[in-house]
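One chain, chain A, appears in both complexes that follow, with chain B as partner in the first and chain C in the second.
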Partner chain A sequence: MKVVTGVVGNDIHVVANRLIDLSLQARGYEVFNLGVNTHLEEFFDAAVETGAEVLMISSLNGEAEGWGREVKLLKAKYKNLDDLIMMIGGNLVVGSGNTEDIVARYKKYGFDLVCHQVDLNTGLDLLQDLLEERCKS
Partner chain B sequence: MSLLQEEREIILSNEYVDAFDFDEVAEFVSNASKELFISHHFKKREKMLVQPRGGFPTYQQQYALYEFFVDANVDVLPLTIDSNTRLNDYGTAKKMLRLSEENDMDMLNGYPLVTHGYRTTRKMITHFNKPVSLRHGTPDARLLIETAIASGIFEIEGGPITYLLPYSKNFPLDKAFLYWKYVERVCANYSELNEPINRESFGPLTATLVPPSITIVIQLLEMLLSLEEGVKSFSVSFAQQGSMNQDIVTGAVIRKLVKHYAAEIDCADAAINLVYHQWMGAFPTNKDFAEQLINLSTVIASMVGADKIITKTREEATGIPTKEANAKTVADTQYCLRILNGLPSVVDEEEEEMLTLEVKAIMEAVFNDPADTLWRKVFNSIKNGVIDVPFSPHIINQNQMITIRDANKNIRIIERGNVPIPDRCYEFEKAQCDLSKDTTSIVNDIIHDIGIMQW
Partner chain C sequence: MVSDSKEKLLIDVGSTYFKVSTAATIEQHLRDFNKDILDDLRSKCGEIISRFEKDDVHICSSANGGLSTLIIGVTNSFSLKYATNIAFNSGINIIDTILYQDIEVYSLPSDLIDVVIIVGGVDTHAELFSEGLYNYLAQLNYSNLVFAGSAQDAAQIEENLENVVVLPNIVDDRLHIVEEHLKDYLTNLYQQDIEGKEDIKHLYDITANQIFSTPYIVNRALPMIAARFSVANPFILLDIGGATTDIHYSKDLVDDNIVTENEYDRLVFKRLGVYKSKQSLILAAQDNEFVYELLMHLKVTENIFEEQSEKATKILMQLAIFLVLCKISHYKKTYINLKLLAINSIVLTGGITKVLTVEEIEMIIAFFYKKILTSDHNPVTILDSNYDIWTLGAMGNQSCQ
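Right, the complex of A and B next:
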């Protein structure tokens, strides 16, 4: 299973990005890590180029909120990305906010899985559940 | 006219520079007070020099900060540069400085030195008559260091590796080497006029589980790149690692090896100093705990025998520290140093031997690279992972090495990647750790090991 991952925007927080990479590999995924400071176009380009099934975006400084609004518009420009599983996690707002509202907002932006301030392994378990569910159907 | 001078004239003919007067600057450096040169203070070796951190947008704020520091009995003043200037965006720095001056609100996270210019800044530096250290993070620091030296700032921190790998994703590393070559040459040339300009490397790197072998190798290489251009005073540095014993071993090994490698390129006459950074990782939010941590750092710096210590503040976890918090740290650190007497001497021969073998093996691999110049050898070694910095965001870094803490909180290498750690040392490192765990629990351990000082 191929996963493209990276930190969105002008965010240089690299520690979690490295740990996501390590954890995904430990679970048997083939990881294409674009690192920090990655723009949305680069994520989608990489998903097309690698034929990844999952796109996992992370954010720590909260600027994902700004980028999130553009996801649907941009994704529509690409062909063959309809089945791509879109996941986002980390700290998804600047300041603080109600988790339920945040999750609802990001689902509207086009994400299938939203992990706001969720522990890394819990998030990866959720991904596994979703993948198994898709397999069945 | 030399090529270097031609390049200098291009760099300094810039719309943001107000008529740079080369002759006047050279005359100023020649006649500058010895007190302004940190190399002069290092030579006296009277005490460990205490240097805080700090930079504010306006001249008045920076001046007020220095007044606080002097009252707290500071040894070395810092000048920390704002992020726009660091990225050579002088236009934005200028606009943000105006906004800061007009609105009584800080729109910059440091002092925009190029925007203030050397004529203005020099007034402040010569008024306080203390050595000033330039702290930045700039890959292309050519204009910045010209302005700094012309202002009376005679210590320049940074280097092509240590100011790039922790801070940037894709600034080209080869360009950084060439821009820093210019910096070294300008520092070397000015050093002939008075006391030497001191260059300092930034040893903390990512401050995230960097093993001492990698830190020392990078310190040695930046020292060699500087000395080969003619710099006569250089400081290697590292930050508190989390284990007192590992810090003492690191200090002993780096001290021994700087002499060895400087002599190898016939630069044994250069003065090499050791700088220790108080904990550079995540701080506790509890301000009283933060002070305990700062105090512990000072004790370890004394055990290490550092020539200078760079301080943190009790407000580290909460944002840009106030001048009051900054000055308090200076006074506290000076007090702690004054009462630290009769320190025992700790030597761990086995650890020293292992670390020395690791550093020498990596250095040998760098020197054996077929490229024709040292900077190209180093460039290739970073590219192919002979040098690998844990948690560097830069695309050129291999990110193959994995490190973790052992039971005594020493940083250990459990996956060496392409770094030529000798087998014997690698087995020794791994033998200190519990490797029977699965990757998920190791990742959890790493998260805990990074935040070791927060709880």
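Right, the complex of A and C next:
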């Protein structure tokens, strides 16, 4: 299973990104890590080039909130990304906010899994569950 | 620098002129198009040529003005971007880039394309291309076809496309660029194109050395340029010739350059020459909204395009400088946007140095900066009127062989 990951926008928090790379590999995923400072278009483009099934975006400084609104619009321009699993995690707002609201908002943006301030391993377990579910259906 | 102190004869065959240089002299002659290049050379410089042995003669040529390419890739951020950069750095003109998923909506270029490049996918991905590609290519007029995408797709591509050359992927498993294979292929193709011309083949009667493309030779000279000129970095070098215009520039003038091998890149504008491609130069000029103002500034009217005079040639050359600067600025961005406000010197070489004075060139550059970049920036203009750059490149090149 291929995963494209990276930190969206002008966000330079790199520690989680390295951990995500290692943890995914440890779980047997093939990882394409775009690193920090990655534009939304590069994530989608990377999914096209690699044929990845999962896109795992991090945002630590909270700027994903700004990018989120563009996700659906941009993704609609691609012809072969309908089955792509979209996941996002980190600090998904600037400042603090109600987790339920945040999750709902990002789901509306088009994300399948939203992990606001969720520990990485918990997040990866959620991904596993989702993949198994999809496999069954 | 030069390993062998024996005197060399250097010859550059352009689309309009040829130059012949020895340690003591440098001559330039207008070509006689009714003659084969070798006959022409012999009739004009027979005495000089006869003084040299084949081993000591080095020839380069830009007579045919470079190759054109169309690139088909699967994303803008990776395959298309990488291939575009590689093509640029091989001195190839990019006619168009096509994003594969939308291939049906692109119009077909009517010109014959020298080489079509297909790229896309990492090696662990497969089946990126299908009927859409084959249908498009079936309608396209091209001479060479190269595939440098996912290794898994190579077999299918070869099955469906005749005479396709398959190269290692330009995108590696970490989505990074691998430039050397495609770059070598394109550089060789350019080389073969030059050598394949009947006219050029005959030149092997007088040289035992490989005939190179002129832009390649000029590009090689750039790291050594300070030896001959007081050029302040960063600089751009414009080589405005009869059929094409070449721009060489320091890498730090672009933000988005991912190819790392050379310090200097180059761009070729195929139909921006003042002699052989005069008509397309005029068309490009008429397409530019500032040109009429520029003509007024130069105190001439559009009628000058109809004239055949020294004055008309001068104006065309001035226009070529202006149009080239426009093309590499944000105003008429082609593929590359150079940081023109950061340039400290503009070096000019080629036939233009025989026609225009420094003042006539500076006038155009000042006009460009004022009108297009609304700036008083004033880079130093340097004229390579003695073909020092070319000599430097040709000498440097033969010492490495």
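Keep this in mind: the second predicted complex is superposed on the first by the 137 of 137 C-alpha atoms of A that agree within 3 Å, B and C clash if a C-alpha of one lies under 4 Å from a C-alpha of the other, contacts with A are read in each partner's own complex, and residues count from 1 in each chain.
Assume contacts are C-beta pairs under 8 Å (C-beta built on N, C-alpha and C of every residue); 3 or more make two chains touch, one makes a residue touch a chain.
Bear in mind that the values here come from a model prediction, so they are computed numbers and not experimental data.
Q: Answer with clash or fit: chain B and chain C placed together on chain A by superposition.
A: These partners fit in the superposed model.
Q: One more residue to check, A:K79. First (chain B), second (chain C), both or neither?
A: A:K79: touches chain C, not chain B.
Q: In the overlay, answer first, second, both or neither for which of chain B and chain C A:A26 touches.
A: first
Q: Taking the superposition as given, does A:E49 touch the first partner, chain B, the second, chain C, both, or neither?
A: Only chain C is touched by A:E49; chain B is not.
Q: If you stack the two complexes on chain A, which partner ends up touching A:V15: first (chain B), second (chain C), both, or neither?
A: first
Q: Check whether A:G35 is in contact with chain B, with chain C, with both or with neither, and answer first, second, both or neither.
A: Only chain B; A:G35 stays clear of chain C.
Q: Using the superposition on chain A described above, determine whether A:K2 touches chain B (first), chain C (second), both, or neither.
A: After superposing on A, A:K2 lies in contact with chain C but is clear of chain B.
Q: Angle at chain A, chain B to chain C, CA centres, as a multiple of 10°?
A: Between chain B and chain C, as viewed from chain A: 70 degrees.
Q: After the superposition on A, what does A:L120 contact: first (chain B), second (chain C), both or neither?
A: Only chain B; A:L120 stays clear of chain C.
Q: Nearest CA pair across chain B and chain C in the overlay: distance in Å?
A: When the complexes share the chain A frame, the smallest chain B-chain C C-alpha distance is 6 Å.
Q: Go through chain A and flag every residue that touches chain B in one model and chain C in the other.
A: No residue sits in both footprints.
Q: With touch defined as at the start, can you tell me which chain A residues reach chain C in the complex?
A: Listed in rising order, the residues of chain A that touch chain C are 2, 30, 32-34, 39, 41-42, 44-46, 48-51, 78-80.
Q: Help me check something: in the complex, which residues belonging to chain C touch chain A?
A: The touching residues are 74-79, 101, 120-122, 124-126, 171, 174-175.
Q: Okay, in this complex, where on chain B does chain A touch?
A: 167, 169-170, 206, 208, 390-393, 395, 399, 402, 438-440, 443-444, 446-447, 450
Q: Which of the residues in chain A end up touching chain B in this complex?
A: 12, 14-15, 18-19, 21-23, 25-26, 35-37, 120-121
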